[in-house]
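Here come two complexes built around chain A, the first alongside chain B, the second alongside chain C.
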Partner chain A sequence: MSTDIDHQWTTRLRRKVAGKLPPEKLLPDTQPSYVSSWIYVFGVTTMSALAVVIGTGFLLSLRGPQWWHESSVGHFVNSLHLWSVEIFFFAMVVHLWGKFFMGAWRGGRTATWMTGVVTFLASIATAFTGYASQSNFDSQWITTQAKDGINSTGAGAFFNVLNLGQMLMWHIVLLPLAAVILTALHVLLVRIKGVVPPYADKAGEAL
Partner chain B sequence: MSKSFRPDVDAPEWKGGHSPYDIIKEGTIALVVVGLLTIILATLFGSPDDHEITLKNWANATPVDFATTAINEMNGTTTTAGYGAPYNTASDGQKLGPLTLAKWAGVRIPVNTERDFVIRPLESLPYNAQLSSALTTWKSASSSQRTTWVNNYTKADAKLAYTNGQVVSTATDAGPVPVFINDLTNMARSGALDTALVSGGNFFSTDYTKPLLFLSDGSYLADLAQKQHLLGSQWGMMNETNSYPGQAWLWLYTFWYQVSPFSTSANADVQVWATMMLLSVIMFLVPVIPGLRALPRKLKVYRLIWREHYRK
Partner chain C sequence: MAWISFLAALIPLDGLGHYLHWGVIDISVANFIVILLMIATFVAALLLPFPGRSRRKESK
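This part shows the complex of A and B:
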């Protein structure tokens, strides 16, 4: 017999979450034995690089956008930020290709694939706004070139790459938030659905 | 065997064994390794930071190019003057087939190059009898008179020179235009134009739209970019100054600009963007596109990835 507590939104949400993502799925201590390849390293490498990107971004934000132009320490932090971004994209692209060759959307993992693709696209936009916010020769050239592409779609009327303030706010607030939320969603889906099994030699047979 | 099993949609059931997996340890090790690799790369290679170019730099380095660009902002022949949306209505902008997407979005960042890049900055200068008189003459003249003056000055712009701190023109019957071009050039050389275009009368501003548009209308910025291999024809969108990797992940976007029909199209930007949007949607929809989702099964790269599993 159900009680009032059973009908509470909180109770229902907790039960739903616990059903879909029990602790042993969220933080597993075993994995299927087919999960044995270097390709699996690139997912966690992407996540780690994202953490370093965010950490170095936090450090850059402490003293404001001019700091890295005026201080050798600031410039080094900018270098850390740059190279963590390069590692992030390298790992992410290898991860993406790896998942494509595994057919990683199989077995009800379509949403996992799709959130991964959107995260990739959001990351490109985040990195672009970073390049546009450098306030140096690179950003002058990149923005004056990129404006033509974005303007040609009509989006330039609302997303003005020549507006440093707008680009910086998108780079440090809106897009990183989107990238982090999408990454979290992607990882939760991986944990809920598990890692895709290999293809069977004969369609339909169990492995 | 289930008849309804779709090998590119369904995954086989795993009945094999499991191995120990310490997800926290794996994440910690990855974070430490990536952190160390980042420190090593940053220490070895640093990061580029070529100083920004100002209108002051430009007008001092190549005053004639600056003056020529200034008169072109007045006669409407610069890129910005003829751009269309979102800056003005001078053209329909690029077209994707019959679609004028930029025009539909409208003029949201209005820029009148004659007014915003020449007249208003000159009005912000401290009182100068000659300039004040020139501005008064300009404001009281008819539109056709202004056009005649500007055109007469433009006809002689191939012989423009900068001598003894003055823009020298052989133009005749150009009204107040020679004063404008000379004073604007010297305003730029002093650095005052940079401030005037950014601030627009405000104390605070973070919007560099106008000085960047003016700067990119001249040839000085592009000449510097060419030396750094940053032009569009040099895969410029993805490059950075010096030899840094830049936005290497934009290689496919930049690639289209190098090949026909995009490389010779007047609508290349919108065509490349449409192509990339289409490819992005296809990538997003791979799991539901028959044929495409079968590729990994047919290519069999997975047998390399899971070689231990298949060896067993």
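This part shows the complex of A and C:
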């Protein structure tokens, strides 16, 4: 017999979450044997690089453009921010190639694949607004070139790349938030559905 | 610090960028090198043995 407590949204939500993602699935002790390959390390490499990007981004936000342009420590943190982004995209592309050739959308993993695709797109937009927010000649060149492309799509009416304040806010608030939330969702879906098994070989047995 | 000057001389970063042209494709040498490195990393990840893999197989 169900009670009032059973109908509370907190109870229903907790049961649903616990059913879909019990603790042993969220933080498993072991992984399937096919995960013992270097091709499976690039997802976590991407996330590690993202952590450094976010950390150095916090430091850059604390001190501001004058610091990252003029002091040696600021230059160093700015470089760390740039190079961790380079590693982030490098690892993400290798991860994407690996998952594409594994057919990682198989076995009801469409949402996992699609959150990865959208995270990739959000990351490109985040990187672009970052290049537009450098506040130097480089960002001036990039934004004056990009404005014509974006205006030709009609998006320039509400996304003005020549507006430094708007680009900086997109770069440090909206897009990183989207990228982090999407990454978390992507990882949770991997935990719920598990890592995609390899294609079966000719004898019909999974490798 | 001599090695830094040597590296800087080897890879000039303050000059004009170099570009490769194949028909409609225009790509900077720097971006082309990054793509080659990604392909090399991808192939290496498929071919190199993963530490502990044989041990796991034996214990199965």
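In this section, the second predicted complex is superposed on the first by the 201 of 207 C-alpha atoms of A that agree within 3 Å, B and C clash if a C-alpha of one lies under 4 Å from a C-alpha of the other, contacts with A are read in each partner's own complex, and residues count from 1 in each chain.
In this text, a residue touches a chain if its C-beta (ideal position, glycine included) is under 8 Å from a C-beta of that chain, and two chains touch if they have at least 3 such contacts.
Everything quoted here is computed from the prediction, not taken from an experiment.
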By residue count, is chain A touched more by chain B or by chain C? B
Of the two partner chains, chain B (first) and chain C (second), which one does A:L177 touch, if any: first, second, both, or neither? neither
Counting only touches as set out at the top, which of chain B and chain C does A:S36 meet: first, second, both, neither? both
Under the stated touch criterion, which partner chain does A:V93 make contact with: chain B (first), chain C (second), both, or neither? both
Which holds for A:F128: it touches chain B only (first), chain C only (second), both, or neither? first
Once the two structures are superposed, pull the chain A residues common to the chain B and chain C interfaces. 33, 36-37, 39, 41, 86, 93, 98
Which residues of chain C touch chain A in their complex? 34, 37-38, 41-42, 44-46, 48, 50, 52-53, 56-57, 60
Taking the complex as given, what residues does chain B use to touch chain A? 1-2, 5-24, 26-27, 30-31, 33-35, 37-39, 41-43, 45-53, 83, 85-86, 93-94, 101-102, 104-109, 205-209, 212-213, 215-216, 221, 224-225, 228, 230, 232, 236-237, 240-241, 244-250, 267, 269-270, 272-273, 280, 283-284, 286-288, 293, 295-297, 299, 301-302, 305-310
Would you pull the chain A residues touching chain B in the complex into a rising list? 27-37, 39, 41, 44-45, 47-49, 51-52, 56, 68-69, 75-76, 78-84, 86-87, 89, 93, 98, 100-103, 105-110, 113-114, 117-118, 121, 124, 127-128, 131, 134-146, 148-158, 160, 162-166, 168, 196-200, 202-207
Within their complex, chain A touches chain C through residues 33, 36-39, 41-42, 86, 90, 93-94, 97-98
